[in-house]
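Labels run A, B, C, D, E and F following the written order; every chain starts at residue 1.
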Amino acid sequence: MFESADKIETLIEAMPYIRKYQNKTVVIKYGGHAMVNEELKKKVAQDIAFLQFSGLRPVVVHGGGPEITDMLKKVGKKSEFVNGLRVTDGETVDIAQMVLVGRINTEVTATINMFGGKAIGLNGKDASLLRAEKVLSEVKENGVTKEVDIGFVGAVTAVNAHLLNSLLDNDYIPIIAPIGVGENGETFNINADTVAGEIAAALHAEKLIMLTDVKGIFEDYKNPDTFISTLTFDKAYEMMMKGTIDGGMIPKVQACIHALNHMTSKAHIIDGRTPHSILMEIFTDRGSGTMVAK
Amino acid sequence: MFESADKIETLIEAMPYIRKYQNKTVVIKYGGHAMVNEELKKKVAQDIAFLQFSGLRPVVVHGGGPEITDMLKKVGKKSEFVNGLRVTDGETVDIAQMVLVGRINTEVTATINMFGGKAIGLNGKDASLLRAEKVLSEVKENGVTKEVDIGFVGAVTAVNAHLLNSLLDNDYIPIIAPIGVGENGETFNINADTVAGEIAAALHAEKLIMLTDVKGIFEDYKNPDTFISTLTFDKAYEMMMKGTIDGGMIPKVQACIHALNHMTSKAHIIDGRTPHSILMEIFTDRGSGTMVAK
Amino acid sequence: MFESADKIETLIEAMPYIRKYQNKTVVIKYGGHAMVNEELKKKVAQDIAFLQFSGLRPVVVHGGGPEITDMLKKVGKKSEFVNGLRVTDGETVDIAQMVLVGRINTEVTATINMFGGKAIGLNGKDASLLRAEKVLSEVKENGVTKEVDIGFVGAVTAVNAHLLNSLLDNDYIPIIAPIGVGENGETFNINADTVAGEIAAALHAEKLIMLTDVKGIFEDYKNPDTFISTLTFDKAYEMMMKGTIDGGMIPKVQACIHALNHMTSKAHIIDGRTPHSILMEIFTDRGSGTMVAK
Amino acid sequence: MFESADKIETLIEAMPYIRKYQNKTVVIKYGGHAMVNEELKKKVAQDIAFLQFSGLRPVVVHGGGPEITDMLKKVGKKSEFVNGLRVTDGETVDIAQMVLVGRINTEVTATINMFGGKAIGLNGKDASLLRAEKVLSEVKENGVTKEVDIGFVGAVTAVNAHLLNSLLDNDYIPIIAPIGVGENGETFNINADTVAGEIAAALHAEKLIMLTDVKGIFEDYKNPDTFISTLTFDKAYEMMMKGTIDGGMIPKVQACIHALNHMTSKAHIIDGRTPHSILMEIFTDRGSGTMVAK
Amino acid sequence: MFESADKIETLIEAMPYIRKYQNKTVVIKYGGHAMVNEELKKKVAQDIAFLQFSGLRPVVVHGGGPEITDMLKKVGKKSEFVNGLRVTDGETVDIAQMVLVGRINTEVTATINMFGGKAIGLNGKDASLLRAEKVLSEVKENGVTKEVDIGFVGAVTAVNAHLLNSLLDNDYIPIIAPIGVGENGETFNINADTVAGEIAAALHAEKLIMLTDVKGIFEDYKNPDTFISTLTFDKAYEMMMKGTIDGGMIPKVQACIHALNHMTSKAHIIDGRTPHSILMEIFTDRGSGTMVAK
Amino acid sequence: MFESADKIETLIEAMPYIRKYQNKTVVIKYGGHAMVNEELKKKVAQDIAFLQFSGLRPVVVHGGGPEITDMLKKVGKKSEFVNGLRVTDGETVDIAQMVLVGRINTEVTATINMFGGKAIGLNGKDASLLRAEKVLSEVKENGVTKEVDIGFVGAVTAVNAHLLNSLLDNDYIPIIAPIGVGENGETFNINADTVAGEIAAALHAEKLIMLTDVKGIFEDYKNPDTFISTLTFDKAYEMMMKGTIDGGMIPKVQACIHALNHMTSKAHIIDGRTPHSILMEIFTDRGSGTMVAK
């Protein structure tokens, strides 16, 4: 295999990058298309296993994808809506947890292990990894913003960094489902981007990488020439105000900002549809997507 | 609270038992009625947290209970049968895993943590904790025993004792769902009693406690006077041959025998319907159910 | 034994207290009636062994009781008095050391070990645990206060906290006789209450518990309604000035104040005549005697 | 001080011996004249502190000397005799313990610490260091040997080597009083030579050194030419049979034999009356007294 | 750089090999052309640094090359010959050591460090890493074999594996010059192949790789079709007898045999003239040169 | 040997000094006559080994002596001079390195090991122990000071204290040749006094001892009555200004000042011609040469 000098030269070229990140913590938000496509799934798993082999400390936070919706349908659960927002009642959060923890998390874990990694699946209830509390959602009704209770949707109040560090020190890769635990043991569904940001912050990670289904952030998504390779905080706030950054991109950008404010060195929003996008991000000097920076 | 001397005397009485088991590993197979009744669930969680506070090293293996069947029904999954045995096809094992890992395991973990324990949920895919391979079932057809493939039902081929010990050394309580991982990453459903026996064997546990829905083993279940407080191997084999021990009791007894053959000191089949049956077993000299012994 | 659910419930009730104090250091001044009565001796030993089993870090400082006086009598040693104070000459301090170290300390140590503890007897000469220097006593003569030399009575100048912590880290219970060592190797008798306060301060203990022969502190000892459950520093100084706190209670209160000034969290003066008074203090929310607080 | 080259050369000469014994355990039985003479006491303490500075692991077992007898006299205790043997009743063993632990042990400990050592006094009750049981003495009456109960005189049944090793690993010098603890907490007086042999055996010491008041062992004590520099086991048994080795020398020789049978490399009976006899023994090639050898 | 998927795929392909050798010790005999050619020098250094980054434990033993001869010439040292063998007198061995340790060893060390490795130069005198004794050479004179003293040429008598393991455990790469130290501190020149074999044996290395200036071993070096990919011990002995393996290849083959006899798993003779021959050997399934096997 | 009480008393006298310096780091600059005279070489090696046996942490930095000049002559290297300063061109620095590392360093290391020490030879290239950069020399030409490039003469820019501490923690004695490594792997010759000062500073050594060929510093070297036993910084600057301290003494004094400014407690300039001058310095209260002090 490695009898051609070219391939060896490629290994050698990787050396400075390995050296740079060895023993450093890298938090990866895993979601979108890369969690659905069978080929991409394998490549992501290979990337993460490779990071571990190279002596980095990867931590993975995954989202839910379309499987939660599928399961809700399957069990005939009708969703209630309040002001256009889906209500996460007790039954819904139970199903979300079941799918996130019992299906997606185990699959991600097992796939990484198939490629030789030493992954361990976790969720916020394990040693109270993610303590959470209810968040209210803001809706505008007749021009007035008011808060509505949409059920078991939570925000992180504390991260058990000790647990993650002790697993990382023993060469395990934590794979985290975004389920939080309330003060009285309640289950909370939490936005996975937000969880990734909180964990990067709590671990003072070297890098936070958010896999998305776009190439990065653009001034104008219709115009490829407006690609933003480095997004400053000021610019980010401005674009969120203006609505250029909106929808699912908002929690991603906010997670990056939160992490960067807590000793994480670098935060990147990259295109998860490209095979091996994680390694590509780490093994280049300039990075492939949009880097968020103070 | 503890102002009455009586209560303090009770603590003092517990001392010799705590002393005896401190730093010892106790594997608990958790299942049956104690997993269904709300009151019992809390008491089991308290018992396990208490063991940890007292310096023991508890490990919990839980079964599935009726929730898997409920979920199969809910999603409209019709079960196939081969010679009277339900076939665990790919969809069934996926649902079993989802319920075991994503619902039951998280609930047991969170309940113990509510009482101050430091529990972590695991399944066989975490760092390949339980490697497994397919088992064929034996059926008798026209007096001839033959093996039939009933799908993703597995037997344990290896236990990652290193992972469990490193968690126990860091004061975590492993809570294990009986899901195994095949050589190619397949999911296998494994009998929880069998898993408990394998884990007790792999950890050289001091004690294996099987929670059941009966008082223990009887020569004749209809005659309470025939209760067997110590069941020897010879007697056990004889009763299994004769069919006095049958059905779900067979894997329980076999798990005890397997564990005892691998350096586990004591194995007990106890009545999980009695509140605090676990502590009662540990804090007595003679034990409450049937002890299996060489 | 633990077949009644009541007893198990009692264990469960103890959990929050064990949790609260686990891995915390508790310094116990052991003296008075509880060192004389055979029944109480055993109960104190059980209490201390129980604390160790439950994962606390108990340290015991004991006093001398009437045994020193008995021995002085036995060997026919006549005591000299200066202004009403007994002079501790060389022979007297030798006998005090012999009784404290060779009789009382070994007995306390052995009794705790009988109940399964891992106690080690120490005195201030062991690895220079308690360095001391002479203290002069103040006497009033004709209305003038002057200092008199009453011999080998010492004050603590340094505590070898390193020794105590290394023993505690290895799960030993230090049992300390209040003998100090001078710069030139001289033996000093030190007030045991004072030693307990110094040790609690040096170890930044969680709790200091002083066993006495009274229920606690009263505004007026003749009136049980005047019991003080929390004694502030200001109140304590006022009462010492007025003489309401006097005699042997003064060093006890001062020891509590000293410890609280050095990171000890709680200090209690409790009734050692009540069986299991130590556990009762730890396993209640409000405490049984007088708590001293800033 | 060390400005003369001679003195430096002396240090240099000591190097091969330090090298040879560094990190090795040396058990010293301290007794006889060297425990009575003030000058010798200091020199023994200096020797032991020097061994510690040089990186050896010294352990000291001391005897009681005449002080126990003095104290018995002082408190007016009359000794009973059975067939010529003094009976160690409860009161006697209490006084023996008090003097051994409370007077001699603390003094030896404090003196070594005065010279910069880090000594810790211990007795058999500390963490049950020396478990013991009653021994009966043999007396000959009318030519018939029979066993008589002479009270609390014990033999070692177990040594807590773990405690000693953990103290030695932390650079402490254990100073051990020959008091044992019975199964029910009883106090036993044990022959100090025997204790030294048991401890050397339990620690697999490199060397056992017995300080005596004679130059070593002679064929005929009246004839200095009959000095035995190496005593074989065979010769030792023969001489004990013949009575040439008798009285207090018997337990010393037996202790050496016991230690040598349990992995101790060398055992020496030396003259404690010579100043610095311990260092002289260690810093010579041939040794100064009688070496016992298989 | 790593923006092409090809390069990333190459990294991924390397994973199974990294996994296989991670935490394993690999001893590399570095010599021949690869020590002379500037390009090859760098590539060898890169290979060794890469092994360290990937979590392997490389150990390098280097030879002397032509530089010793150059230096001898430069200082005008005339070599004596005895029966055709060059005599290594005191001055010669001094110059050999000076060049090996002071020139070649420092250069190899510094070059690896330039590529990010953490190499430390060693020779047999460092903590007596290689103890040695004189070897006599055999010469045939008039058909009679006799031994002649050709000076300070040595054989290894002991390897300080403890030193090497403690450096490897701290992530240092030992770079070893083949100089041994005699009992009286004499300097011995030792064949570097032999040293590599001894070190692989002492460390129970996973792999021994000998860099040579040939493609491997051939039945007949003139006929490329006779290349031997696996050389059994029997075959090796036969070929050495027959003289097909001769000259400098003899110590190489013997070093492999010696290492394989002492728990080293694999030994390879490879072509150091190929760039990155070390990585090529490790990152293939079949190996590139001649493997020696039992 | 140690049968005379005198010798033992000498060991005992050494105790307070051993106690004072145990576990402390002592940096020794080894150079001058003591590196040339065969007798002195051995005594220095004995001194250093003795320090290690006594539990100190010695670190040795050695200079080059006349051997570099000898070797330059031998290989016929003619030195160039610029303004009276010898130019260290590439060939010269290579030879300097070869002699320092390959001859002197190995000899010092081996000699200490002959006396039982555990020395390891190092130079600035080992794990980049001494990073260096070129220094220009100042020359005065026609009354104008200008900087000239005299080749590979370097100044220390960073010391790898981690490497030295990890060797010292494992009881090895680092022996350091004053060779530095540049950013691009260049070899730099560095003044050994300067290196000793930098290393003492980096290790926060307890003591820095500079071996010289004079008794210490004098106001007037011709008048022995003007010996300065304590040299203040102010006095040192004044004397360097005036030229009373000049030539090779300047870097020695500067090294002392540098070390004292970085937490080194004591710095001494002593007479290396006196046998055992190192031990004499350490085993006296007042010191033998000139002490430099703030």
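Going forward, a residue touches a chain if its C-beta (ideal position, glycine included) is under 8 Å from a C-beta of that chain, and two chains touch if they have at least 3 such contacts.
Predicted model, so just to flag it, every value in this text is computed and none were measured.
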For C-D, which listed pair, E-F, A-E or B-C, repeats its interface with over half of the contact pairs the same? E-F
What is the chain whose Cα centroid lies farthest from the Cα centroid of chain D? A
Rotation angle superposing chain C onto its copy chain F by C-alpha atoms, nearest 5 degrees: 120
Centroid-based (C-alpha) most distant chain relative to chain C: E
How many angstrom lie between the CA centroids of chain D and chain E, rounded to a whole number? 56
Distance from the mean Cα position of chain F to that of chain D, given in whole angstrom: 48
Taking each chain's centre as the mean of its CA atoms, how far is chain C from chain E in angstrom? 69
Taking each chain's centre as the mean of its CA atoms, chain A sits from chain B at a distance in Å of 35
Give the residues of chain A that touch two or more other chains, as numbers and ranges in rising order. none
Can you tell me, using the touch rule above, whether these chains form a line, ring, star, complete graph or other shape? ring
Cyclic chain order when read starting with chain E and heading to chain F: E, F, D, C, B, A
Going by the contact rule set out above, which residues of chain E touch chain A in the complex? 1-3, 5, 7-19, 22, 46-47, 49-50, 53-55, 115-116, 275-276, 279-280, 283-285, 288
Parts of chain D lying in touch with chain C, wherever the complex brings them together: 71, 74-76, 94, 97-103, 105-106, 109-111, 113-114, 118-123, 125-128, 163, 166, 170, 172, 179, 181, 184-185, 187
